[in-house]
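Starting off with a structure, shown below.
Chain naming follows the written order as A, B, C, D, E, F and G, and within any one chain the residues start at number 1.
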Amino acid sequence: MAIERPLDALNAARNAFVVAELKNGKKIRGKLLAFDIHLNLAMDEAEELENNEVKRKLGKVLIRGDTIILIIPSE
Amino acid sequence: MAIERPLDALNAARNAFVVAELKNGKKIRGKLLAFDIHLNLAMDEAEELENNEVKRKLGKVLIRGDTIILIIPSE
Amino acid sequence: MAIERPLDALNAARNAFVVAELKNGKKIRGKLLAFDIHLNLAMDEAEELENNEVKRKLGKVLIRGDTIILIIPSE
Amino acid sequence: MAIERPLDALNAARNAFVVAELKNGKKIRGKLLAFDIHLNLAMDEAEELENNEVKRKLGKVLIRGDTIILIIPSE
Amino acid sequence: MAIERPLDALNAARNAFVVAELKNGKKIRGKLLAFDIHLNLAMDEAEELENNEVKRKLGKVLIRGDTIILIIPSE
Amino acid sequence: MAIERPLDALNAARNAFVVAELKNGKKIRGKLLAFDIHLNLAMDEAEELENNEVKRKLGKVLIRGDTIILIIPSE
Amino acid sequence: MAIERPLDALNAARNAFVVAELKNGKKIRGKLLAFDIHLNLAMDEAEELENNEVKRKLGKVLIRGDTIILIIPSE
């Protein structure tokens, strides 16, 4: 699917799992419920990853967009 | 409940307890009284957590949104 | 008192003492004279705290909002 | 081709590979799908580089613009 | 005098001496000539303080507001 | 030539070589193709300098304005 | 001369020498050609100072405003 704007890349990821890598080095993986133009993200079933293993379970979480480096939608 | 915008995730958390993780590494847990689009948060019965234990009691507190990494509504 | 917006939490604190915790680790306690949407604060009878003791007296002070982590209105 | 605005330099790079160097020292190479005025980038077939070797494969990725130092369109 | 907005606290300080504490730890004391909503300050007879002693004389100076933590009008 | 606004200093530098010094300590030298009010720069024939020697060749590059400290148009 | 706004302090400094102290600790001295509300500065005959001695000559230079702590117009 062609996309016009970079945030369109998240539209296909709604209700699917994504990984957000944060400026403090943490990675949060969760089901993407919603996002906005600031890249604020609401996730469900979220967990913090460390070396690709689950460090702790967060459940529902709201991540502030300005703390994000990149988002990887898992395919 | 489906949500359209990420901050909607906080609406259900009004008057319930949430944990805010801050850029300085601190965690504040409290009853969410109000929030705005900057993620400024007003809490009551707030306390600072360290290793999941209460480090100090804060009571009522206003947290500046730009200091927040993520918010976990407890279910 | 129910509050609609997080900064309403400061309205009741006008002319009362509040503690502002700053991003550089300092804490300033003073009588809140005025605030604005940026969380710029004007205080009177302000003092800097260290380990909950008075480190120095500041008197009247204007604190820039973007340097603030959180504000604790004392009840 | 003459360009009027700096972001025009990315227009010719759509669907071609670019390297984004980030403020945390990481380099991400991928096929540019879309970008916006904040320099938010959507890439496909992205991979993280270290010393010009592939450190890990990311696949589809959305990079937040404010984390970018520079972008090198490969010719 | 009651004040409505925090920057009103600087109005009474025009042409009087104030101390600006900066994010880099420096303190600048000078006669306040002008300020704006960003807290940009123009001072005259300014000097940099270290341990409450004059480290160097600056004379006229313009301080960028976003570098300021707090301003102490001397009474 | 008198200039009214600081960015006018870049107008005469179009298609000439400039050096951009970045907040991470790096220096990029290249032919200025375009710039905007954020100081985003598009360069061609760019190279990274270290101790005034060429460390690596970048070719075409887009530099994000907020990562720039200063720009030196070479005369 | 009375000034209304802090940036007026730079108006009298046009075509005169000023020193800009930057957030990275560097000092740039040069003849002020132009400035804007962001404190972007265009200088000519600029040089970088270290311990009040000339470390290197820059000539014409554009300094990004958000990298500036303070500006000292020399009288």
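Here is the rule we go by: a residue touches a chain if its C-beta (ideal position, glycine included) is under 8 Å from a C-beta of that chain, and two chains touch if they have at least 3 such contacts.
No experiment lies behind these values; they were computed from the predicted model shown.
Path length between chain A and chain F in the chain contact graph, taken as the least number of steps between touching chains: 2. The mean-CA centres of chain B and chain F are about 43 angstrom from one another, to the nearest whole unit. Computed from the mean C-alpha positions, the centre of chain E lies at a distance of 19 Å from the centre of chain G. Chain geometry summary: the mean Cα position of chain D and that of chain G are 34 Å apart.
In chain E, 66 are the positions where the chain touches two or more neighbouring chains simultaneously. Ring order, beginning with chain A and continuing to chain D: A, D, F, G, E, C, B. Residues of chain C that touch chain B in their complex: 2-10, 23, 39, 65-66, 68-73, 75.
For chain B in complex with chain C, the touching residues are 22, 24, 26, 28, 33-36, 40-42, 58-64, 66-67.
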